[in-house]
Amino acid sequence: MKNYINEIKENDLIDSLFLVKEKSSGVTKTGNVYLKLKLIDRSGEMEGRIWTSVEAFTKSFDKDDFVHLKGKAVSFQEHLQLNITHIERVEEEAILLSDFFPMAERDIDEMLQSLIEMSRQVENPHLSQLLHLFWEDSPFLERFKIAPASKWLHHTYLGGLLEHTLSLTQLALKNVGHYKGLNVDLLITASILHDLGKIDELSYQRSFDYSDEGRLLGHIILGIERVEDKIRQLPNFPKDLSTLLKHLLLSHHGQYSWGSPKRPMTLEAVMLHYLDDMDAKINGIQQFLRIEVEEGSRWSPYHRTFEQFFYVAGAWDQIEVPENIVKKVLEEE
Amino acid sequence: MKNYINEIKENDLIDSLFLVKEKSSGVTKTGNVYLKLKLIDRSGEMEGRIWTSVEAFTKSFDKDDFVHLKGKAVSFQEHLQLNITHIERVEEEAILLSDFFPMAERDIDEMLQSLIEMSRQVENPHLSQLLHLFWEDSPFLERFKIAPASKWLHHTYLGGLLEHTLSLTQLALKNVGHYKGLNVDLLITASILHDLGKIDELSYQRSFDYSDEGRLLGHIILGIERVEDKIRQLPNFPKDLSTLLKHLLLSHHGQYSWGSPKRPMTLEAVMLHYLDDMDAKINGIQQFLRIEVEEGSRWSPYHRTFEQFFYVAGAWDQIEVPENIVKKVLEEE
Amino acid sequence: MKNYINEIKENDLIDSLFLVKEKSSGVTKTGNVYLKLKLIDRSGEMEGRIWTSVEAFTKSFDKDDFVHLKGKAVSFQEHLQLNITHIERVEEEAILLSDFFPMAERDIDEMLQSLIEMSRQVENPHLSQLLHLFWEDSPFLERFKIAPASKWLHHTYLGGLLEHTLSLTQLALKNVGHYKGLNVDLLITASILHDLGKIDELSYQRSFDYSDEGRLLGHIILGIERVEDKIRQLPNFPKDLSTLLKHLLLSHHGQYSWGSPKRPMTLEAVMLHYLDDMDAKINGIQQFLRIEVEEGSRWSPYHRTFEQFFYVAGAWDQIEVPENIVKKVLEEE
Amino acid sequence: MKNYINEIKENDLIDSLFLVKEKSSGVTKTGNVYLKLKLIDRSGEMEGRIWTSVEAFTKSFDKDDFVHLKGKAVSFQEHLQLNITHIERVEEEAILLSDFFPMAERDIDEMLQSLIEMSRQVENPHLSQLLHLFWEDSPFLERFKIAPASKWLHHTYLGGLLEHTLSLTQLALKNVGHYKGLNVDLLITASILHDLGKIDELSYQRSFDYSDEGRLLGHIILGIERVEDKIRQLPNFPKDLSTLLKHLLLSHHGQYSWGSPKRPMTLEAVMLHYLDDMDAKINGIQQFLRIEVEEGSRWSPYHRTFEQFFYVAGAWDQIEVPENIVKKVLEEE
Amino acid sequence: MKNYINEIKENDLIDSLFLVKEKSSGVTKTGNVYLKLKLIDRSGEMEGRIWTSVEAFTKSFDKDDFVHLKGKAVSFQEHLQLNITHIERVEEEAILLSDFFPMAERDIDEMLQSLIEMSRQVENPHLSQLLHLFWEDSPFLERFKIAPASKWLHHTYLGGLLEHTLSLTQLALKNVGHYKGLNVDLLITASILHDLGKIDELSYQRSFDYSDEGRLLGHIILGIERVEDKIRQLPNFPKDLSTLLKHLLLSHHGQYSWGSPKRPMTLEAVMLHYLDDMDAKINGIQQFLRIEVEEGSRWSPYHRTFEQFFYVAGAWDQIEVPENIVKKVLEEE
Amino acid sequence: MKNYINEIKENDLIDSLFLVKEKSSGVTKTGNVYLKLKLIDRSGEMEGRIWTSVEAFTKSFDKDDFVHLKGKAVSFQEHLQLNITHIERVEEEAILLSDFFPMAERDIDEMLQSLIEMSRQVENPHLSQLLHLFWEDSPFLERFKIAPASKWLHHTYLGGLLEHTLSLTQLALKNVGHYKGLNVDLLITASILHDLGKIDELSYQRSFDYSDEGRLLGHIILGIERVEDKIRQLPNFPKDLSTLLKHLLLSHHGQYSWGSPKRPMTLEAVMLHYLDDMDAKINGIQQFLRIEVEEGSRWSPYHRTFEQFFYVAGAWDQIEVPENIVKKVLEEE
């Protein structure tokens, strides 16, 4: 059973799995070498020390490895640290990712099913076949199911990309019929594929960070390449349709300064951009409020990227309402 | 019966109502004074000349007056102009505004009824009463029904403000339930009231232009004052609720540089901003495409405010689709 | 008598009033609960600890309360801290605000008298009556007299708003006659009222921070509402005059990006903006130099908001001047 | 006696001085060569034609020459043009600059006297001597007296630089004592010298344009060089004082984007920047309103550089004021 | 033989090839339909009219067709126009592109040979093979040889892309060895391929304009796709090398706001960006000076995109140099 | 012999020269006063303490002095500190600058010779004489040889200015002949002189910081003054040539926002700007990579000024290359 870091107390005996985030060696005043580790799991991080069998243990695992360790929690200079008596590397297969990283709240397979369901509404045979190729690509699906949508701003948890993609596709369906003349098939397909490249842009097996490809090319280009790969398998896919679809992917950030090499030039691209931006922003704020707002506070701390404070939605509940009124806050339909 | 300017041909005898946009005098080579007019109606503009009884006629009407005139269309230097034999001022009541300005396509009273209908969903008694006060205010309704939403960019026709307000409120209802924790009453009320000040910002009886108040204070401030006026009639209206509602109105442009003195700080304000911006942009592009795109062209001309070209939606129709496919373009639900 | 924090030395016995800025509890190694406080007054801040009667004391006061406490200053890890033996909450009336916050140097009542005096020069009866209504409003005056002008940048002390308002009005009077055609009454009235909303934007009884209203609406809107409230009591106040006055208030920040929803469109508004900006900037720099420059240094530290260094005025004194010269630094006239 | 272009009527016989702005040749249908001129004076411009003695006349003057000509005004295609029968070049000494360019309204020598008078208040002997060197430099004074202050924005008339310099120096004197610790001598000297380089930046003998030096180096650098030249003649001028003075000149535009290579770093430099900017802006608006506003209009046309409309000050006069009130518009003190 | 438009004179009989830029119909006063054409070639444009056999001729060609026509140049309202008696469509193969569009001055095949020669210096076998694939692709070469490098700014003539590519590759070779540690193979390959996508972005057979693909995707993406296509034919091409190469292509505009979705992150990418920008800018200015500067002028007209004036290089020649000096202006090495 | 700080170990006895960066006094628990010093040399910084003869020692040296001290390295709270038993001030002449500051890798005199050699290529006698005056000015050369090129970004070491100047001049020579019509003499001269003012802008005898002059005027202006000083000694130096040369110096930052009061307006100025910017950027990145990248990392840390990460050039070496290939990384030619 997992010992979560934020539940460990002084003198607890520990026998559990952790991820080694940092690993270095030190020398005691008496001249002995020891190992200093930083251990993390989903709940937090703590220091670890290996005082014995240092030479043997140091070869048996590396930074960024998952390890199984045994030891005891002791207090040192007002902080808890783990005196480790045994440690060994374990394979990734042996661990539960959700023990180590935050996960989306909704069930991942359920979300994927919903998305595939929605994709059945696409009637254009070319687009429909294109989506089908993705749903049949298991290695793709494995990565698509757990990728986060972003490192910093929104849906920053395993399954976040899927959650955001599903949410955006639902929004697209809600809004596309509001205006005449938008092509629903194109918009739905683009909603599903718009952030595809993030499965290659971010590495998230050991920690959330950018891959080399991610930093050098970015998810927009990486996504276009994945789409291009599939289209190449569909020999009759119309060139114009491919161009329009890629335009929606390229332009969905809306502006040059946000990394889109093209601004939206069709109504579908305009709508995709607004809905994507709205979904990312609202999820980002909600996540920020959930994590960062102190109990009872009416205001969030300063959000560095958005460069502002947010008023906590809950504060609204405290507005005096006469008895005969029931305030109505809609839940997810 | 109205003679529309774009249907007048050489030698037509005219007996109809026009709006005088410019009025000046000239002198013929033989030294006689004549009047030069620019006449407009919904369909275009043309030159007019008064050669006789100049002194009498010149006193009987002014620039920006509606006039009833008789005359004959003649050709001068490759252009048609109207030689006027009789002209007299008519009261605004005598004309049909829709003869002179573009009108929303949908029936105005019907749109107003839909909006009032939607406002009944607001359950918070304070907000509900506030909206009620507006629906009972006939002078307000008169102006609200015909105001355009903007001089340049979107919904630039009589009834445009109402059309945009209705559209935004529908969008708000479609989207508010997609996220947990948003207050639907606040969002709907703010959607209905968000551009209220435009009835004072724009003058549109004779031509679309800004009023003095509009230029010096702007529709955001003017709208807040109208809301404040009504709230003052509701003695128990909670201060916090009033602050939140006004915050949504103040911040709906989203950024300082777009004239909002505050950026959105609540989830409702964030959503209102995105949906308002999306509705304005999509309507603006559609209107631009409708008016400015040449038959058969795949591209719009350059749009000066948006600083870009748009790809014409219709071009999409020309993508080759196999026979067994029916491309689906959703109509308004 | 007040013990000022920056004068407390090790082993001093303390019996004085403080403001509790932070309050939390800890556990000693032996398992006893104690209280950790951060105490502040005008001169600085220090840590406090309550080791005994913790349960009783903890209920008797809260964070942000003024307290009367007794204790002894001891040294812990190179810092002084107060071991508190007695603590109790006191009412705000019992304290001197100037013991806790920086105050304007000039006498507040004297500054208010000067301002009222200057307002007598306004000859337009509408504007004159409007100002009179403010001078008769005691609750307003109470707040207006002690409000700071800003949290960060300039006049950040009690009475700072009044000092800035007086300074700006003097500048306006000095400069208005320099150009032909400016309306002195309008400019003076706007100078006096321009930052009015700051009495509602900032809360400054316990600490300088923004009120909810302040953050959600901002001082420009709050000021306009206060002016509107008074104008409503003056039934014949001309609409155009009210619009022009409100335009000066709205536009005094000069640019959208500085939070003004309108840019100055009249000569009076242009002048008000420049003089206000100059007064805020010069006071801001002077305050910064006074507080942050080290003795003997010719340069200030880096000013984060202005993003630059300032050359210390005093350095000028060190320029070699021949004996027969008297350098002339003008004092306040 | 000068025939002003805007007073010439059909069939007038002309015998007067003009400036040749454009000169080219054409060929009549019958194959004869003629000369086409554009003639200007202070009041406007008109076309001129030379049909006879073309060969002789064409050698006797050039574009940008002042000429004495005789001819007759005839009407051609609805415009007046001058049929020229005699033309000859005249020296610049023979013309009155004020016949050809707009001039400052105030007497130039009187303004110069005022400025010199004010410079006597400078007590620092170094700065005082520096100013004295300029007042003794006749070639400098000749140019300084007639230079305009700008090609586009403000004080765009002969004597405009002097008028702006005088105005700024008066403003500096009015405001410098308002704050403690500013050095009045430094501020006054910098006010007088701040735009010095404009006498070299703009060429304004024949038309207002930039000189090569003006475009390649700019008036800030050119001004610093002129000041440096004089300082070199004052062997004991303190280095620090020279650095501070040059800093005020360098930074008076206030921001990099307005062409200042340094931002103001002393209180004197901050004040100089604000007052200079205010004076330029207010003069620029007043000039624009004077020239561009149509009789009776409450709004100016769109100002391209300031990117806005201005409300016409005169409109203020139309606000209804009760009988017993005398509105007070201050005249120049 | 071609009749160039700028050499046609009144009454000339014309029998030559032109490009039809505009085509519309009009009605004469007598009610007859005629055709109005705008004809262009390399040297300019002129109006054409077809008065007879209108129905037959109108079907025989379209706007944007090359035509062979016969007719006579007549004068109408001060302009020349062509009265056309015979017109017929010709195939593109029948015309000389250089009769219709400006061409690079240097011989195109010679430039291509130089470029291929330089590409032989690439030693890395993957990159070498990649370049080889392009040199073997005749349809690619056909387009690559005549494409312009830009519609507006620089190398805006047939062969311009090749000229710019050659120039940049030469610059890269000159500079790459100046710093240690840059990879010359990567830099040379990227220089050759950097603007590849322009052969698809611009259409330049009939007129210089953007293709649909060009506007919707842009040359950066189109170029990456062409490179990707070739790399797919090289099964062992290393992934990292492909990523680095594509990064150089993606980032060569240097900044988001100039349409690069990534900024340069390697030394080779940084150098490529600077040299590309310098070459485009210098060529752009030289072209602008060549075309737009009036004989004898020391200054160019205002350049709208660069937002400035340029000083004409030739002016330098006029600097007085003592006799014994030979000014040295280097020619192309 | 110098004891370098980064080589000092616990219990070492020290007898060496250091620079005193900070100096303050403290009080021990037993009430004795002691001195706290921060000592630096080229290799790092460490704490020092003086426990005895405090009063005498404290008078014998100041902050920013070079000192000779004796003492012993002891460990205190996990850090080494120096217990000083003797300390005395030494003159600057007694130290080796390269013991205290980072130095350029290449030999300084050798670099200067190369630069002078290159300057001989200037054929224009005016420019050649101008350069000669600088090479004859020993006090100038002393400063020019050791000045760094910048405090933060690039060439931030003694000799850095010379290294950057030499590098830029080499680049200029490599590139100037690539385009027709550029004046090589002007470009070379400007390359050599472009950053001249940095010898006055930065003070670098004791620490790298800005001088008063540097902050108030900046190196562009200071450089122009030095050039002006020399030109004044050359009575026949043509005015136009001087203006062009100064234009290149003024505009070499390329944009207003980077502190250039003029943008480049000649081809030479455009090239100088690009090459200067490229050289500074590439050197800045290389220095950053050399110092900040951890062993084995493929990515640099975040660069705050450039606001991005860099990919480590070395990573390129790890790309798999087939055996028969020799990757070619060019060394300095």
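Note that the chains are named A, B, C, D, E and F in the order they appear, and that numbering of residues resets to 1 at the start of each chain.
We adopt the following convention: a residue touches a chain if its C-beta (ideal position, glycine included) is under 8 Å from a C-beta of that chain, and two chains touch if they have at least 3 such contacts.
Model, not experiment: these values are computed from the prediction.
K.L.:
Any chains in contact with both subunit B and subunit C?
P.N.:
In this structure, the chains that contact subunit C and also subunit B are A, D.
K.L.:
Determine whether subunit A and subunit E, two copies of the same sequence, contact each other through the same residue numbers or different ones, counting it as same when over half of the numbers at the interface appear on both sides.
P.N.:
Same residues, largely: of all residue numbers at this interface, over half are found in both copies.
K.L.:
Averaging only over C-alpha atoms, locate the centres of subunit B and subunit D and give their separation in whole Å.
P.N.:
The answer is 44 Å.
K.L.:
Where the CA atoms of subunit C average out and where those of subunit E average out, how many Å apart are those spots?
P.N.:
The separation of the two C-alpha centroids amounts to 62 Å.
K.L.:
Which residues does subunit F have that touch at least 2 chains other than itself?
P.N.:
212, 215-216, 240, 244, 247, 265, 309, 311
K.L.:
Using the definition of touching given at the top, classify the network of chains in this structure as line, ring, star, complete or other.
P.N.:
Contact map by chain: other.
K.L.:
How do the chains pair up in terms of touching? List each pair.
P.N.:
The complete list of chain pairs in contact reads A-B, A-C, A-E, A-F, B-C, B-D, B-E, C-D, C-F, D-E, D-F, E-F.
K.L.:
Note which residues of subunit C are touching subunit F in the complex, please.
P.N.:
298-299, 309, 311, 315
K.L.:
Spell out the residues on subunit B that touch subunit D in their complex, using ranges where they run on.
P.N.:
Touching subunit D from subunit B are residues 212, 215-216.
K.L.:
Given the complex with subunit A, which residues does subunit E contribute to the contact?
P.N.:
Residues of subunit E touching subunit A: 212-213, 215-218, 220-221, 224-225, 228, 240, 243-244, 246-247, 250, 256-262, 265.
K.L.:
List the residues on subunit C that touch subunit D in their complex, please.
P.N.:
123-126, 167, 170-171, 174-186, 236, 238, 240-241, 244, 247, 263, 265-267, 270-271, 274-275, 277-278, 281-282, 285-286, 308-311, 313, 315-316, 318-322, 324-333
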